[in-house]
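These notes open a run of structures that come right after.
Common to both upcoming complexes is chain A, partnered first by chain B, then by chain C.
What follows is the complex of A and B.
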């Protein structure tokens, strides 16, 4: 009891130094919680944007096409017909089915040309799966019904295009022969997914099929499922495909977004590194603090030992003091972290302020918001206290191990 | 005397018939004959050439120099101008690779990248890939006879043979009637839109063949852009090592 009282008293003896150590730990914890919240927010928004604008919840494609889908080939296509659509829609949990034909093209405005990805789609079907219709600046998705094109705002700015302008898309047919699609721009979109804003041209499916000489071929079918029904639908679709021996495969959006998920995994290891740095900062602060305390109290340690205090009791005093600093630093860090994350969750910040992140494969534009991760608060607090406790043992033992006579007369 | 007159008459008729018939035969050359003659004249088995490419885009002018080697369907291009020195392109059959000395890396050009302009020019990578004889890829029709730069020409229309992989669905070519060298060509998309035109500005007789040595290519989808391709020096049928057309030689 005496040791605990002495340790608590010691905690307030060097107020300035202990306060600085507490602040260092608090800021390190705050940094971790803040960055962790941004990273998780970024991941959540990236995944939402991919599902809402690029892949839907599930995608169906020929397995050979899937392997080479990045190259946008016009081989191994799916033959789209009512029968196939009916087979897919019969699955419970499927709420939207959108066929699409993706192809590479050169967008030409008469002065410049730029490589883009063309997507042939049926507006009503596309609306069942994707949220693009809510992000039109000008025109609407019904432009596709009028044989017009829809492009992203960023692309329009880059190519100096406006609504009702005419564009020429230079494409290659299935036989690799050049063909052109001459269309009027009937809609301009600005979605939270930069991929759509920067490089996608939406066109009517029939027109694209005709210009690419692919008959009723499509590259993929995107599906929307009822909430939490994704796995069930994938399972039942796979069974049906096996039963009917269809030459297609079913993929979760996670497989489509493998690159972003890989980025997210890298991000998690990044958070791990930040955690290590944070704990290292705490450790260095605590060790430094205990060594300085021990040096200052060398005579005191000698006196206490001479009066019969045991070594483990002296170690205990230093450990309690260090743990106290850890607890105070942790609490302050969690409080600062709470305020920072609260601001991130409610206000967020403009990602564009830090440049165009879409070039690094992060499908987010505009504001980025943080997310709450309550376990992270508890985890970092416990880890902090534990590290403070552990890192004090060696310097405390070094202080306690001093010879009492030498310690008293150390000056 | 009568006999002499008769012989003379027969000789004159024979000469007249020969000239007339030869003329008829020449004027009745089919489109396939014409294009075959052009292919025979222009198709080069092996060559080494030094060339300059001048890219003009809206008042901007970029000049690139290169050394080109060709051996049947294989080709190697090495850029020699200061900005691109060491950049190489290797074509082997239907594959194209590029080597950038700064990155020290070999990149395969495939898929949609083939549609891009070769080093920013109006020639696409795909244009470089077409080394097969045109007679194997297109069916030809003789449209008319015309003149181009005061040279009498056959005007031929070529439509892609179904199933053959060609870049341009339709080509209209002006072929010199005497030298069997292509002087002008219009390249069309399947939709009928004119994509590019190429015009020969200068031809030269090299080792008994008339070859175009200065060509201008215009991209008709873009304004104020054209590329001039000038062959400064060409050596036909030189001794070339096959190893020159290997990926190892790119580095």
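What follows is the complex of A and C.
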């Protein structure tokens, strides 16, 4: 107990140096907690945006189409009819069913041309699954009922288009012949999903089916499920499809968003690297602190040895002191981190300030918000204290191992 | 049986390829309760001899027996335990812990022994601080004490564990002559009242004359060993 008291008193000995070490550790902890909160927030927002605007909770497609879906082929389509819709809707937990026909097209405004993704949809059904209706700047999704198109704001800006302008979509039919879709713009959207803003043109499903010559063919069906029902619905749908021997497969939104999830895995290793750097900073700070303390207290260490203190007792004093610095640095870091994450969660910051992140595959625009990860506070604190304790052992042992005569007389 | 016995103790330091003898075969016997001074010119081996007796260093040759134990054969850990229970040290530059109060500096030594209750320990430390003239200054840190007062704390720290022997290397070297006399008087008082054996080195003739045994060390050997009144 006396050794602990001595170590704690020693904490106030070199106030400035200890404060600097505590500040360095605190700042490193703060950096970790802040970045971790942003990255988790980014992941959560990315996933939310994908589900709310791109995939829904579940997607149904022909398995061969699924393999080539990035190419947007018009082969291996699903034949959409009331019977199929009924089969899907009968599953408990399904709250929305939206058939889609995705295709590649060239958008022409009369002057310029640019590659886009066309999506044929039924407005009522589309609204059951996606949140797009809440993000109209002009017009509404009912424009599709009037054989009009809906495009993203960014795309409108790029192509210098406004509401009520006419566009021509140059498409290839199922037979690989060229055709055009001439439509008026009936709505402009600006969603938190950059893909929808930049490169999607929403069109009436029937019109698209007719121009692509695919009869009642659709590329995919997106489903919305009741909260936490995703797995149950997937399981029951798969059973039903197997029973009826239908040529389609069921996919979770995670399979659709594999690229973003891969990005999330990279994020985890990134966070691990940041954690390593943070702990390394703490380690260097503590080692430096213990070595300087030992050098300053050489004759004191000699006196302790003369009084009969064993080496491990002297090591213990230094270790408690280092751990004290680790605890104070950790607490200060967690406090700073709390304030930083609180600000991030409540205010967020403008992502555009740092450029267009959608080009890196991160489906977020506007503000990015942090999320609370309370275990991270405990984890980094415990790890920090543990590293402080461990990193003090070698320099403390070096100090305690000094020859008593040399230490007393500072030779 | 004498408290301390040195037989043909030699200490040779290696400086590169050169061997520097610090002690050239010292024979010495000290009985319990003696008040002994070791004097001699700088480089005569006084500090080396005190370090050997204090179990801080081991001889190159020869044998040292303290309280019946052959300390030249002890391991590092055993030497530490011998120092903890049997030897008190008083250093020229006090070597007090600056963050601890006078009370805590003395308490530190008792805690290492750890055989007293909280109340006993407190009483013992306070009594000893009173004995060395530091009543009322128990809660002062070394930075708030004069040189003489610091050395009194160091004396109390050395005495509190009731060691067999107290070794003091130039205990008055950093003090003015008046304070040096005060400090040596406290050492004499403690020697007489508690019967603790003191061996101290000094250059100061006024301090030296207070001893009852005078060992003159010259070139690593005892050149004279006289007893006073």
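The criterion applied here is as follows: the second predicted complex is superposed on the first by the 410 of 411 C-alpha atoms of A that agree within 3 Å, B and C clash if a C-alpha of one lies under 4 Å from a C-alpha of the other, contacts with A are read in each partner's own complex, and residues count from 1 in each chain.
Simple rule for what comes next: a residue touches a chain if its C-beta (ideal position, glycine included) is under 8 Å from a C-beta of that chain, and two chains touch if they have at least 3 such contacts.
Predicted model, so just to flag it, every value in this text is computed and none were measured.
Undergrad: Is this a clash or a fit when chain B and chain C both end up on chain A?
TA: fit
Undergrad: Which holds for A:378: it touches chain B only (first), chain C only (second), both, or neither?
TA: In the superposed model, A:378 contacts neither chain B nor chain C.
Undergrad: Quick one: classify A:307 as touching chain B (first), chain C (second), both or neither.
TA: After superposing on A, A:307 lies in contact with chain C but is clear of chain B.
Undergrad: To make sure I follow: the centres are taken over C-alpha atoms, the vertex is chain A, the ends are chain B and chain C. What is that angle to the nearest 10 degrees?
TA: The C-alpha centres give an angle of about 140 degrees at chain A.
Undergrad: For A:247, using the defined touch cut-off, is the partner it touches chain B, chain C, both, or neither? Pick first, second, both or neither.
TA: In the superposed model, A:247 contacts neither chain B nor chain C.
Undergrad: Quick check on the superposed pair: does A:408 touch chain B, chain C, both, or neither? Answer first, second, both or neither.
TA: The second partner, chain C, only.
Undergrad: Would you check which partner chain A:270 touches, where first means chain B only, second means chain C only, and both and neither mean what they say?
TA: neither
Undergrad: Give one of first, second, both or neither to describe whether A:72 is in contact with chain B, with chain C, with both, or with none.
TA: Touch partner of A:72: chain B, not chain C.
Undergrad: Just to confirm the geometry: in the superposition, how small does the C-alpha gap between chain B and chain C get, in angstrom?
TA: Result, nearest C-alpha distance in the overlay: 64 Å.
Undergrad: Overlap of the chain B and chain C footprints on chain A, residue-wise?
TA: none
Undergrad: If you look only at chain A, which of its residues touch chain C in the complex?
TA: Those residues of chain A that touch chain C are 2, 5-6, 9-10, 12-13, 299-300, 302-303, 305-310, 404-405, 408-409.
Undergrad: Can you list the residues on chain B that touch chain A in the complex?
TA: Listed in rising order, the residues of chain B that touch chain A are 58, 110-112, 115-116, 126, 160, 163-169, 189-191, 193, 195, 221-224.
Undergrad: Under the definition above, what is the set of chain C residues touching chain A in their complex?
TA: Within the complex, chain C touches chain A at residues 47, 51, 54, 56-57, 77, 80-85, 87, 89, 91, 93, 95, 97-100, 104, 107-109, 111-112, 157.
Undergrad: For chain A, which residues are in contact with chain B within the complex?
TA: Going by the criterion above, the answer is residues 71-73, 104-106, 108, 110-113, 115, 168, 170, 172-173, 175-182, 211, 213.
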